[in-house]
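Same chain, two partners: chain A is paired with chain B first, then with chain C.
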Partner chain A sequence: MAPTFSRRHVLALGAATGLAPLLGACGDGSPSSPNSSTGSVKLPTYKPVTAATPDLAAEPAGVSPGYFTYPTASSAASQPVQGEAVTALTYTYDPIAPALGSNPYWQNLNSKLGTELKIAYVPSTDYKSKVATTIASGDLPDMVAVQGVVQQMPAMLKATFTDLTEYLSGDAVLAYPNLAALPTDAWRSTVYDQRIWGIPVPRARVGTVLYTRADLLAKAGLSLQPNSWAEFKEMAAALTDERAGRWAFGQIPFNTILEMNGITGNWPGGTGAWQAEGGVFTHSGTTPQFMQALENTVELMKSGVMHPDHAGAPNTKRNAWMLAGTTAFTIGGYAGWGKFYGQAKDVPGFRLTGMLSPTRDGTGTQVRTPGPTLSSFTAVAKTDNANRIKQILKVLDWLCSPFGSSEYLALRYGVEGQTFNRNGSDPTLTEGGRSQIFLPVRYLAEASPVIYEPGNRQAVQDQHDHQVAGVPLAVADPTLGLYSETAASKGASEQQELDSVLLEIQLGNKPVSAWQPAITKFMDRVGNKIKAEYEEQAGG
Partner chain B sequence: MGEPSKLGFGARGLVLGLGCLAVLVPFWAVLITSIASPEEINRAGGFVLWTNEPTLDSYRAVLSGGVVTRALLVSAGITAVGTALSLVTTIALAYALSRPGSLLQKPILLMTVFTLLFNPGIIPMYLTVKQLGLLDSYLALILPVLVNAFNVIVMRAFFQGIPGELRESAYIDGAGEMRILLRIVLPLSKAVVSVIGLFYAVAYWNAFFSAMLYLQSSEKWPLQLVLRTYVVNNTPIGSDQLSSNLENLPPQISVQMAILVISVLPILGIYPFIQKHFAKGLMVGAVKG
Partner chain C sequence: MHSLRDRWRRDRVLLLLALPGVTALLLFHYLPLGGNIIAFQDFQPFLGIWHSPYVGLDNFEPVLTGDPVFLNALVNTLIITLIQVVFVFPLPICLALILNATISERLKRLTQSILYMPHFLSWVIVVALFQQMFGNGGMLNAWLRSADLSTFHIVGVPELFKLMITSQVIWKDTGWSTIIFLAALSRVDPAQMEAAVVDGASAARRLWHVTLPYIRPVIVLLLILRLGDTLSVGFEQIILQQAQVGAGASEVLDTYVYNHGIVGGDWGTAAAVGLIKGMVGVALVLGANRLAHALGEQGVYAK
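What follows is the complex of A and B.
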C-alpha cells in the first residue's frame, strides 16, 4: 500500500510540506506577494471592458467606478463555454452554500456557463493545509486558487501547474476580453521566474482604511480630515470622554502614524515596509521616521484616547465599538467597507468615511500604503492539452464578466424571481438566494471591483471620494513582482518577533529604545539578505 | 468537624454560589446574546445579559438553507457509528493487552504506546487515507482515529484492576474468553466504558480538521466544519476580503453565539446521563494505572 512517487511528485511534496511553517507568512489577508523578476515576461495587455457607464468615473487611474443603481443588464462579449466539467479548489470567507442539488443559483450558473463547474472549498483559515495536502497527493483539480507566497514558490509552481505565458502574455490575452480587463499590477503578482502562472483575483488598491464615523465627528463639530499631527491629536482628544464611556480609537492607528511620518507599511506583519530609491532597498523599520512614529504612538496612548480594552480585542469587537459609537474609528481593509452599512442599519444617522493620513506639519506630500493587488491567483493544474487549457481559461474569462452584464447578474444574484427580486433596477437577494450565493466562485476569478451600494447614494459617493483622494497618494510597492526566498522561508518567524517587540512598545511595556536592537537583529538575521535578493532582482 | 456555624454556613454558601455564577453567567450571556436584537447588541458593543426583544433571527439565519440541519445529521451519524466502532476495538484491544500471556502482548502494547508519542503529521496521513481510497468518504473521519492509545491504556488499567479470581471462577465454570469479557468484565466496567465512550463521542463530534482535509464535497461536511465557516469566516470584516452579502445577516456576535448554542446542546444533553460514571471511571484508571 506504499504510495508511489514520481519525481515531480516529490518536488511538489517538498514545496507543499514547506507550507506549514509559513502559515503566518503573509499575515491576515495581505496576500500581495513579492515575486520573481517580471523583467522579461510581457504582461497581459490591459484593455478595459465596461458593460455599463458608471455614475462616478474610474478616474484617476486605479480608482474603482461607482454605480448608484444597478444598470439594465446587457450581455458582455462572452459566449457560453462548451466542454466537459471543470473542477476547482478554492477558499471562502463566507458560510458554506447548499449543495448543487438544492442550489438553483449554482444550477443556473452551470447552465449559463455551458460547462459544469465543480467547486470544492474550505474556510480561508484552513486553506493552506488543504492546498498543501492536495498538492502533496498529486491529485489536483483543474483549477486551484493559490494564496500567499510559500517556500520554493517558483519550483512548486513549475512542478504542479501549467505555465500560462503563451496563452496570456501580451496581446494573447485579448482572446479572453474579460481577463484583459484585469489590472496590470494584479498580473504582476502572478509572475514567478518570468512566467505567468495564473489569473489574479483583483482587489481595489486602496488598502487599509481608517474608518471614520463621520456623523459623530460632525456632531462634535470636527473636520473629517485633520491636516497635521497636532490637529489629529486635538481631534482624538475632542472625541474622547471617559466618563461618558467614549474614546476616539479602539485600536492603535499605527499605520496612520507611520504615514504621517512619511513612511509606508502595514504593521503588525510589516507588509509594504520596503522602500526603494535608485535601486537601493530600505526597510522602513530602520529609518528615524519609524522611531518618531513610535514616540508619537506612545504619546497618543498616554493621552488616554484609546479604549481601555483595546489590547487583544478582536476585530468584531472593535467594529462593534465603532457601530455603537463607543469609539469613533475602526481600522480595516477597504473590501470590508460595504459590510458596515448592513450592520449599522439600526444606527440612526450612520455615515462612514475614510480618513487619510495628514503630513506631520501639514505641508509636503501625503503618503499612503497601497493595498494588495490581488486576493489570490487561480492556477491551472499541469496539463499539455492546449484545448483543455483554453476551455478552462474561457471559464475563468466568463467568471470575470463585468458589472452590469447579464453574466455578472447570474454570478452575483442568480435567477430573477427565484434567488433575487428587483427593487427598482437594484437586485435584492431572496431569503434562499442569500445562502445559495455563498458558493465561492468569486474566489476563483472576478472582475475588478466596483463601488455599488444599492439604495445608498451617500455610501457610493463616500467610498468613491475616499478612493479619488487616497489612490493617487499610494506609494508604489517596490517589491511587487519580486520574489525573495529568504522572506518566504525565514521571514515569518523573525517578523513575529519584531511584531511582538512593537506591541510591547506600543503598550508601554518596553521603552521606545527597545526597537533599535530588535530591528538590528531582524536585519542581521534575514533583513539584509532579503534586501540583497530584492536589489539583485530589481537591478537584473 | 462539628456542625458549621451559621456564619460559616452562609460564607460557604456565598462562595459556592459565586462559583456557580462564574460558571453560569457566561452560558447565560451566550444564550441571551444569541437571541438579542441587533440594536441591543450594538448598544452593548458585545455581550448582552438581558433582552427585551428576543428574536430567533440568528438561528433562522444559521438554519436556513438546510445546510446546518443536514450537517447535524451527518455529525450525529459519524458520532454514533464512530463511537460504537471505537468502543468495540478499544475494548477488544485493551482486554487482550490486560491478559498476561496473550499473543504478542508486549510488541502490541509497545506499538500502541508508540502512537501516543509520535504523530504521523498531516501529509503522510493524507497520503495514507488517499491510498486506501477513503477520500471523500465518511470512513475517512472514523478509521484514522478509530483507536486512541490513551483510551486503550486507561481501559487496560481498569481491566487489570478486576480481581483475577472472578475470571478464574468463570473459567472453571466453562466460560471462554469471549464470554468472560461479555458477561463478567464488561458489566463490571460500565464506568470506564461510558467515560471512554464519552471521550470518543466528543472527539468525533468536535472533529473538523480531518473533515476539511478528506471530504471534498461540502454537502458531506459535519456540523463543526459548517459552523466553523460561520464563525471564522464571519470575523474578518476588517481584513482585505469581501464577503458576499452578509449585510442581511444578524450581527456577527449573535450568529456566533447561536452557533455555539447549537453545537454545544447535544453534548450538554448527553453529559448529565454519563456524568455519574465520569469521576469514578477516570479515577480508577488513574489510580490503578
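What follows is the complex of A and C.
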C-alpha cells in the first residue's frame, strides 16, 4: 500500500486506506526509534482501554485484538460533551453521505455527543489543495485533518494551529482516556519542533501484505510459507500454468524480494528507504543488497511467473485476477484485507492469508516493513481559549471510544432498528445505514483498530495469525518523528526519476547496472542533504 | 465607416450573445496564463503564488543544461509529432475522398456513423480495448497460447510503443476528422466536375485539378492549427500506458510536466517546461501561417 507519508502517493491512496473500517493493527509495541526530535517532548502516556475482552489477545505487543462476535455493548464510559457546535474539515475515500437533515446516523451521533458536529469533507484526492486553500484563506474550522508532510511543515503548523503539548504530553493525556489509548508511535508522527500538533488517526503497523490465496496453494500441495528464496521461486513456478492462463503473480513482489535480501521500505516511492545504525543514516538504494534484489527481480520476471499484462495494471485489475484465481497473489495495504471477503463471496473455498518474506537462504532474521503509524492527524485551529480546546479534545476523545462500547456502536453502526439490525450479536448495516455512515468521522479520530469479521471466524483467525507472525519482525523506521525539509520540498521529484529507472530495470528495458548512476544522481541532488538533515536531528 | 455607436446599435445582440463565450475564454484560458509565473518561482502550494520566492531562471535548468530525462521527453515528443503530422494528418483526407466517391448514400451514411463512433470513447476505454485484444494476456495471445502457437507481444514492447499509440490515434479519430473535409468536398462545383468529365479528364486528373484545389484552403487551415498543438501528443493516452513500457520509450513533454509537477511536486520546473512547449507551439502557428501567406493561402487569419 502507498504509505500516507509520501506526497507522491496522495493520489493513489484512495483505494487502500479507507475501505476496511474495522481492520488494522496498532498498538504500542513496535520497537521505539532512536529519535531525539521527540526526545525532549514527553509523548502522551500510553494506557490502553478495553470495553470487551477479545477472543484473540493483543499479544505480542503491537498485535490487534481479535473478536469473533460483536460484544454486547457495555455502558458508556465517557460523559457526553456539552457546549457549542464544533466544525471540522477532513477527507474521505467513500461517496458523500446524506446531509444532516436526512441522516439519522449523524443526528444520533450529535445527540449522543451532546455537541453538534459540523463536518465538511472532500475526496482524498482533492484534500491537499483543499487544505492549502483553506489555510490560505485564513478561515479555519475548529479541527483540520492534516495528511502527509508538506513543505515547511513546522512553520505552517506553528502559524495555523494550536500547540497541544500542554494538554496531551505525559500524564496530561489521562484526562482523555481514549486518547491515552492511542499507540505511542502514532503520536510520534504528530510531533514537529518538539511540540504535539494533533490527535493521530492510528493505522495498522502490519503494512503491506502479500495476500495469498491459501486455498489455491493448498490445492497445489504447497506450503503457505516458503522458507528461502529458492523455495519461493519453486512455489511461484508451481503456481504458473501458462496454457491454462494461470500465473503466480499479477505484480512484481519487489518489496518481498527486498525483504528477503534484508532491506525494508516500500518501492516505488522509496518510503522507509532510510536505515540507521549508530546515528549514521544510509539510503537502502545504495547498498549491495538492493542490487542483489534487482538481480533477483529480473530473474523472477524471466522465469515467466508474472501475468503477461502485469505492467501498468491497476490495483482493481490485479485484485480481480487474484479473486478469479488467474493469479495466486496480490499485494496491498493491510487495511484492505476485509474488503476481499465481500468481493469473494461467490468464490468457493476462498481463503486468504498473508505470506511473510523468508530470508534468502532460510537462516537468519526475517525482516518486515512496518506500515505508516497514522492516516492523518487532527489539528486544532489556533486559539487561546483553553476551555474551547478542552471541549474539542473531549469531542475527539469521544470519537476514539473503544470497540465494544456503546459509543463505538453509535459511531460505526448508528441506531439499532434504523441504520443497523442485529444478526445474533453481530450488527449488520441496513441499506440506508450503509450510506449514512459514509460521514467520515473516522478520519477525524478513531480508536486503535481491532480484527472483526462478522460471521467469519476463519478470517479473524487468519488476520490475527498474520499479525502475530509478522508484527514482531517489523524493523522500525529511523526517520519516524524526524523532519527533513529537503525531503518534503525536493525529495518527491527526484524520487519520481528514481522510480522511473526502477521500473525500466524491472521491465527489462534497462540493465541492472543502470541503477548505480540513478541512485548516485539521487544522492548528489537530494539524498546527501536529506541524510545530513536526519542525522543532525537524530544526533543533536 | 460607421461610428462606434452605430456599430454597437447594429451588433449589440450578437455581442451580447458572444459575451458568455468570451467570459469563459477569459476566465479559463487567459486568466490561468498568469499562473505561468510559477515557472520563475520555487513554488510551494502551501505558500501559494503570492508568497513563493522568485528564483529567476533556475527552473529552466533542465532545459538549458540538457538534462537527459528532459531530452528523452523532447526527442520522444518530436518523433511522435513527426509521425502524427506526416502519417496521421493525411489519412482523414484520403478517407473523406473515398467516402465522397461512394455512390450509395445509405452505405455512405452507415460507414460514416461507424467510423465516427470510436471518437466518442474515452481514452481509458480505447486503451482497455487494445489491451483486451492485443495484450499479452489478451484475446489474440490467449488464443495463440491455447493453440500452442508462439505468442505475439505488442503491448509492453518499448520499440513498438510509438507504432501502437499511433494506431490507436488512427483508429479513434480518423473517422471523426473527415467531417470538415467532407463539408469542404460538398462545396466542389458539380458543373466544373462535369466539364472536366466532358473534356475527358481521368479520375486522377479530376482529383488533382478540381477536387483538391477546392479543399486546399481547408487543408492548410487545419494543418496550421494542428501544428499549433502538435507538441501535445496525447497526454491521457500515454500516461495510461506509460507503466507498461517505462518512461524511456513513452515520456513526452506533457507527461514530463505531469510527472515532475503533480507527481513529483516540482511545480516550477514543470511549469517552465510547459511554458517552453507553449511558446514553441505559438511560434509554429505563426511561422506556418506566414508560410501560408507567402504561398498565397489565407491561413488562419488574413494578413
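The criterion applied here is as follows: the second predicted complex is superposed on the first by the 503 of 540 C-alpha atoms of A that agree within 3 Å, B and C clash if a C-alpha of one lies under 4 Å from a C-alpha of the other, contacts with A are read in each partner's own complex, and residues count from 1 in each chain.
In this text, a residue touches a chain if its C-beta (ideal position, glycine included) is under 8 Å from a C-beta of that chain, and two chains touch if they have at least 3 such contacts.
Predicted, not measured: the structure shown is a model, and the values here were computed from it.
Asks: Quick check on the superposition: with chain A as the shared anchor, is it clash or fit for chain B versus chain C?
Replies: Result for chain B and chain C: clash.
Asks: Please work out whether A:Gln152 is in contact with chain B alone, chain C alone, both, or neither, and reply first, second, both or neither.
Replies: Only chain C is touched by A:Gln152; chain B is not.
Asks: Is chain A touched at more residues by chain B or by chain C?
Replies: Per-residue touch count on chain A favours B.
Asks: Taking the superposition as given, does A:Arg243 touch the first partner, chain B, the second, chain C, both, or neither?
Replies: A:Arg243 contacts chain C only, not chain B.
Asks: Once chain A of both complexes is superposed, is A:Arg318 in touch with chain B (first), chain C (second), both, or neither?
Replies: So A:Arg318 only meets chain B here.
Asks: Contacts for A:Gly332 in the overlay, against chain B (first) and chain C (second): which applies, first, second, both or neither?
Replies: So A:Gly332 only meets chain B here.
Asks: Quick check for you: in the superposed arrangement, does A:Ala132 touch first (chain B), second (chain C), both or neither?
Replies: both
Asks: Contact-wise, after the overlay, does A:Pro372 reach chain B, chain C, both or neither (first, second, both, neither)?
Replies: first
Asks: Could you say whether A:Leu503 touches chain B, chain C, both of them, or neither, answering first, second, both or neither?
Replies: second
Asks: Which partner does A:Gln495 contact after superposing on A: first (chain B), second (chain C), both, neither?
Replies: It touches chain C, and chain B stays clear.
Asks: Which partner does A:Phe438 reach: the first (chain B), the second (chain C), both, or neither?
Replies: Only chain B is touched by A:Phe438; chain C is not.
Asks: Clash with chain C: which of chain B's stretches 61-69, 115-123, 133-141 or 277-285?
Replies: That would be 115-123, the one stretch with clashes.
Asks: Would you tell me the residues on chain A in contact with chain B in one complex that are also in contact with chain C in the other?
Replies: 129, 132, 136
Asks: Help me check something: in the complex, which residues belonging to chain B touch chain A?
Replies: 38-39, 41-46, 64-67, 122-123, 126-128, 130-132, 135, 209, 212-213, 216-219, 221, 225-226, 228-230, 232-249, 251-253
Asks: Can you list the residues on chain C that touch chain A in the complex?
Replies: 44-48, 69, 131, 135-138, 141-142, 145-146, 148, 151, 153, 155-156, 158, 240-249, 251, 259-260, 262-266, 269
Asks: Within the complex, which stretch of chain A touches chain B?
Replies: 1-3, 13, 16-17, 20, 28-31, 92-99, 101-102, 120-126, 129-130, 132-133, 136-137, 139, 203, 314-321, 323-324, 326, 330-336, 338-347, 371-372, 375, 412, 429, 431-432, 434-438, 442, 449
Asks: Any idea which chain A residues touch chain C in the complex?
Replies: 7-8, 11, 128-129, 132, 135-136, 150-152, 156, 242-243, 245, 307-309, 311-312, 489-490, 492-497, 500, 503-504, 507, 509-510
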